[in-house]
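Two complexes are shown next, each including chain A; its partner changes from chain B in the first to chain C in the second.
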Partner chain A sequence: MVKKYVVIILSITLLTGCFPSKKILEDIQLITAVGYDYHSKNKVKLNAMAAIPQRGEDVPPITEVFTGITHTSKMARALEQAESPKPFQIGRLEVALYDKKLAEKGIYKLIDTLQRDSAVGRDLYLAVVQGSTKTLLEKKYPLSETPSKYLFQLLKQNMKSNIPATNLHRFLYTYYGKGMDPNLPLLEETDDRIKVKGTAILKGDKMVGQLSLRESFMLKLMTESFEQGLYEVKFSKDRFFTIQNISSKPKYRFKNVKQSPEIEIEINIQGLVSEAAKIPVSKPPLVEQLEKATEEDMHKKLHKVVAKLQKWNADPIGLGDLARSRTRGFDIKQWERQYPTIPIDVKVKVDIVQAGITE
Partner chain B sequence: MSQISENKQISPYMVFYMITTMQVGVGILGFERYIAKSAGHDAWIAVVLGGLSFNIIIWMIYRILLKEKTDIIGVHRSLFGRWIGGLLSVLLLLYFSSIVITILRTYIEVIQIWVFPQLGTEVIAIIFLFLAYSYVIGGIRVVAGLAVLGFFITIPLFLLKYYALKSGHYSNLLPFFEHSITEILAATKGVTLNYVGFELILIYLPFLKQPEKSQKWAHYGNFFTIFTYLITIVVSFVYYNQEQLQHTIWATLTLWKIVDLPFAQRFEYAGIALWLFVILPNVCIGLWSVSRGLHRLFKIKQKSALRALLLVVFTACILVIDRQQIDMMNNTVSKVGFYILYLYIPFLFVTQLIFTKVRKTKNG
Partner chain C sequence: MNFFKKKKKQPEPEQTQNRGSLTFQELMQKLSASADFSTVKQSSVSTFYISYFKTLVNPEFVHRDLLRYITDIPLQDLDDIQKHLPLDDITKTNDVHDISNKVTEGYILIQMNKEDTECLLVPSLSTENRQISIPETEFSVVGPKEAFVESLDTNLNLIRKRLPIPEFTVKEVRVGKLTKTRVAIIYIDGIADSENVNTAIQRVNDIEYDHIVDSSYINQMISDNGNSPFPQLIDTERPDRVASVLAEGKIAIMADGSPHALTGPTTIVEFFSAFEDYFLNWVLASTIRLIRLMGVMFSVLSSPLYVAVLTFHYEMIPENLLATLVASRNDIPFPPILEAIILELSIELLREAGARLPTKVGQTIGIVGGIVIGTAAVQAGLTSNVLLIIVSLAALASFTTPVYQMSNTIRLLRFPFLLSAQFLGVLGVVICFAFILSHLLKLTSLGRPYIAPLYPLRTNDLKDALIRMPFSSQNNRPISLRTSDKKRMNKKRATEKHDIED
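Our next item is the complex of A and B:
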């Protein structure tokens, strides 16, 4: 019996010394956003933003940006460490930004360090920034307490309605996967705001082109099912109306994949007219006309987006992978050769289900 | 089987928990990429085929042991005599200990990579083995109870699959049956490590009350394991694509990262901690069985055998250092397990059939 207690007491007293250092919130610096800027051919500038909480209730945290220039981003963190009074932790990282020049050179190496770190979550947002990420992270924005919080909410909200949804997992999924290419949101800093400018289209890990915000919405329609978003259509001269998307769903049809493939994308949209000044929307024939006008308008724009994607030889919709899942003995190499010239037809079916509470 | 008093025996249905717990070990956290290497998105077929084939092995084990009404050590002795039989038993016990070492060392690696990078192998191993010792010393009933506990504690983890399915791509599983039969069979071989462990029943079977009745529970246990693995691999295939899977060492663990509960932003830490309740019964059943085997073979006290065994397991754990070695250890145990289950057990089964025939003609 005595032996038992001796063992217990010994393990309590002796083994505690073996445990790793504790991470107490007050003693560490949480990095919530990082930005990478192009510096020279082999070097990047890493900007890490930390929100430092202040004493007292209701006092917003102040933000600090630490900058380091090195070949590898982990080393950059060690350099920044030299300026910080507390050790860095990246467990709460929410956003990682890359400047456009870097994105054009390729960003996989930088993203790889993030995915390798077990502390980083999979729902981390990635984005490309037009301009320096350093100035974007250093600025104060009246709309939000810290730039990282601003970015996080901005991206989250826009990915629901305007731009294709991506995060670290989704990026890696499309980067590694065959027959698909990644896309990332494109941000820009304007005065005291951060603005979603559109979508950066990547081939592998290199940015090859960009879509505007409206075009990004078109891409979103073709890639995923979602339940939000607004779309403005010109009805006739100086008469416009806005359709609010209630549910949209793309369907894909492939023909003759093995020899000369043809693709048809059909998008079904259920919407409601949310703004229609000067248009008497409640009349049934008119509703049909509105539907038709929307369909034609979208059709044109969708085709333009598809043409751009094919020109860049990038496949953010993942058509190659969809074709694979429907074809036995699919040849990805042949598909990739053919992709820029495959005829892709996009059909839109709009169904206006209601027009608000007034008549 | 009468030599074991009833108050040391366990109920027949307990074998259900003991078999599933032994089968679902640390492998499930990252087995997907190994079998997907050969059979791609059709690898889930291998999971089912491999699992079903083990039902035959379980049936054979029961036939072998029930005929002699003893454990594998007794069977070895009566078939091959004292020396050759003893040697075979020692080899088998060596294999069982290597299963324990593999499970423990792999779990320690998971803890080190995901939670405490600075924590040394020896520290975790000491704590773990102390804990295991305190359970194993309580006997097979305590160990079996631990298996039941582990089963019910970890079953809610199934619910987490919802988060992965929510953002999944179901077309990843299509088209079905695109791989050739040889590719699927190659993957089936790779599945083995995930199902091994249940053969410890070779030693603890005499401790079951009415072992004849327990056979159906053993099969149910195996079916439950098939179900677990099938769900796991399908969810991983839906969440990752094949190329990405090859870059992900612990697919299931990484999948927990996306679980986003309002009160816990990062679930994988809780998941790894909960997984202790899967690993602990695993290690305990293994330790108990090997020490019991040593006790039967060498006429030493089970307690002293257990202590010596713990020392061996501890040393072996420390000697294995990096990822490559752990990977190699897993592959080797998997291969040995494959041959023991698919070649040695059927061989034993046939030999025993012949022996009983010969004995009958001699006596008759």
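Our next item is the complex of A and C:
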């Protein structure tokens, strides 16, 4: 009994310092977006954006960008700290941006610091920017309170239907995983907007090519199941219609992986015709024609995208990983050698389930 | 370490009851020392002496029901008197101990001569009774509106008329050296587990204290762990609730002079079930019970989580709330913990003030405190309005607990959680929760596990724990009570519907 009390009293008096350090909300500077710009061969320019809330209920926060130029990004933060009244915390980081030049040189060592920090969430969005990230973060956009919020919402909603979904976790998975390569959204600054330009295709941590927004949609069709995409098809001369997909799901088939592989990707799309001016969709044979037209159109475009990917020797779909997962004694080195020349066939099946209210 | 060792104490010699050794004369001397003890000599036809406490016996009763029958008749001895009195339960005795007990309770003592040690004891208990009124702490909109009063006999009557069966058993024990309070242990023979009954009787018998003025004394003295903030017996003022738990196989303990019955063995979930739950349809009752449980969790955890999140885990705050929180916290000079403690304490002050003041003034206090101080504190920049909302909602949620003692416990529980949230953030809250959970695991009520239907898991008892299933599925009595008669009814017959067929 006595020993118990002695232990309790001693721990109360001697261990008072052993508490975690406090980070009271209003006493810290929350960094919500960071941008990395190429500076020189070994140095990067780190731009950290902080939203500073203003007094009063309806006053929007002011955004400030702190800039530091160093070799490592943690040191840059220390330099930026010199200008800030409150200590920086990156626990609420939502978006990390890399300029295109930096992306072409390789961004792994910059992502590594985010990966190591336990405060950074794995659902952080990464993106490549065409142009300076500093100017993108410093600008004031009428569409949103702060650039970070704008970027966050922009990426979130585009990844639902337009471009392949990715975040820090996905990036690391595809970066470390064998037989797959990361891809990141490509952003561009236009007047007073930020625009998703397409997808940056990476090989390892280096950007090797870019897909346009339409091509990104094709890549999304091949990589994941999703809903609510929109696709426009030319039916005949000056007659266009739009298909809104309700669900799309890719299926992969591999043949003869060990010697000379062949891949078949089958994409099943269920969709509804959401816009079809000048086309009387209510007739059943016409619906079949529409389906056919869509299939052919998509087929063509998908093949173009696949050819591009093979040309860049990048595998954002993760075909190598999929092949490995269903082949015993899979040889990744052989696969990587063969990848650019593997015949990849993409089949599309479109099923129009609804044509909307027409009468 | 010898210095710290407790000195072995010799057990105190039990105080001898010196009243037993008293002689009759000494007793009479002692009694007449009180101003309200009167001895009247009657000598119209034959002489006899009547002694009683004027304050215990109604003088009207003495004249109307006693003297009227015996003053005009020649009387030889006490047997004569007994014959002429139209009252039962008259005892003739010379046992000084018995005389002493009964006279101080309100019996009238009749002697032929002042020196006689033999006397008649006529019961004339006139106790001042409060009218049966509406339950106040356990008010329900539907259902019976009777509440216990201070008289044990009235209270027993209220229960017995709800259970008119011979198995309804009342064991009476006198407790308290000075007050000699009548304590009744009530159970239904053949349903209640005899082990539980024996435990209850033994615990009550073992009470060693000079005065017992309320059943809450007994509650604290017989509870399994007297240091626990959790009440281990349910304290109720509703006779219908007592009748219902007796039918379940529980035991009730009532003390004379207390308008509350204690029922046990109980489990923690029972503290969150209002008796009104049984008056409503089971879907409604279950929903309300779940809301109440969530209210309890909210009331205990909301302000500690606020402190934890604002002090340590800024990452956890939802994006849209962040700006609001920072804006409201910007002007506050205190860290979140101080802010929370100030507000919690002021709410406790308001509650305490409201409870100690007469109803009408109490309401005013609530308005002054809630509106005036609350708004002023926010405007003066002492607290953030977000916390003000959280704390007042938490207070509101804690009022939903139907058992008053439990809502007090919940009031108290918040503070260790607040402090641990300040030390270690959410981890601290978790650690504190683990401590409380393990304490609850160890706790027993009359020797039965306290968190019974949850651990040890009794799936059958879950039908009336966090939710209340319909009566037709409540065909078994709670397993954790180990009742002698396990079946409440025949399920098959209960679910049959007998409609008139044509």
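Just so it is clear, the second predicted complex is superposed on the first by the 339 of 359 C-alpha atoms of A that agree within 3 Å, B and C clash if a C-alpha of one lies under 4 Å from a C-alpha of the other, contacts with A are read in each partner's own complex, and residues count from 1 in each chain.
Everything below uses one rule, namely that a residue touches a chain if its C-beta (ideal position, glycine included) is under 8 Å from a C-beta of that chain, and two chains touch if they have at least 3 such contacts.
The shown structure was predicted, so the numbers you read here are calculated from the model rather than taken from an experiment.
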Touching partner for A:Gly121 - first (chain B), second (chain C), both, neither: both
First (chain B), second (chain C), both or neither touched by A:Val2: second
Which of chain B and chain C A:Arg55 touches, first, second, both or neither: second
Contacts of A:Gly91 with chain B and chain C, given as first, second, both or neither: both
Contacts of A:Lys258 with chain B and chain C, given as first, second, both or neither: neither
Partner chain(s) touched by A:Arg326 [first = chain B, second = chain C, both, neither]: first
Which of chain B and chain C A:Leu25 touches, first, second, both or neither: second
First (chain B), second (chain C), both or neither touched by A:Lys311: neither
First, second, both or neither for A:Lys140, with chain B first and chain C second: neither
Residues of chain A contacting chain B in one complex and chain C in the other: 19-20, 91-92, 121
List of chain A residues in touch with chain C within their complex: 2, 19-20, 22-26, 28, 30, 51, 53-57, 61, 89, 91-92, 94, 119, 121, 149, 152
Contacting residues of chain B [partner chain A, same complex]: 113-114, 116-120, 123, 126-127, 130, 167, 169, 171-175, 178, 240-244, 246-247, 254, 257-258, 260, 265-266, 268
Complex contacts: residues of chain C adjacent to chain A: 1, 4, 310-312, 314-315, 317, 319, 322-327, 329-332, 335-336, 423-425
Chain B-facing residues of chain A, complex: 7, 11, 15, 18-21, 91-92, 118, 121-123, 169-170, 172-173, 176-178, 321-322, 325-329
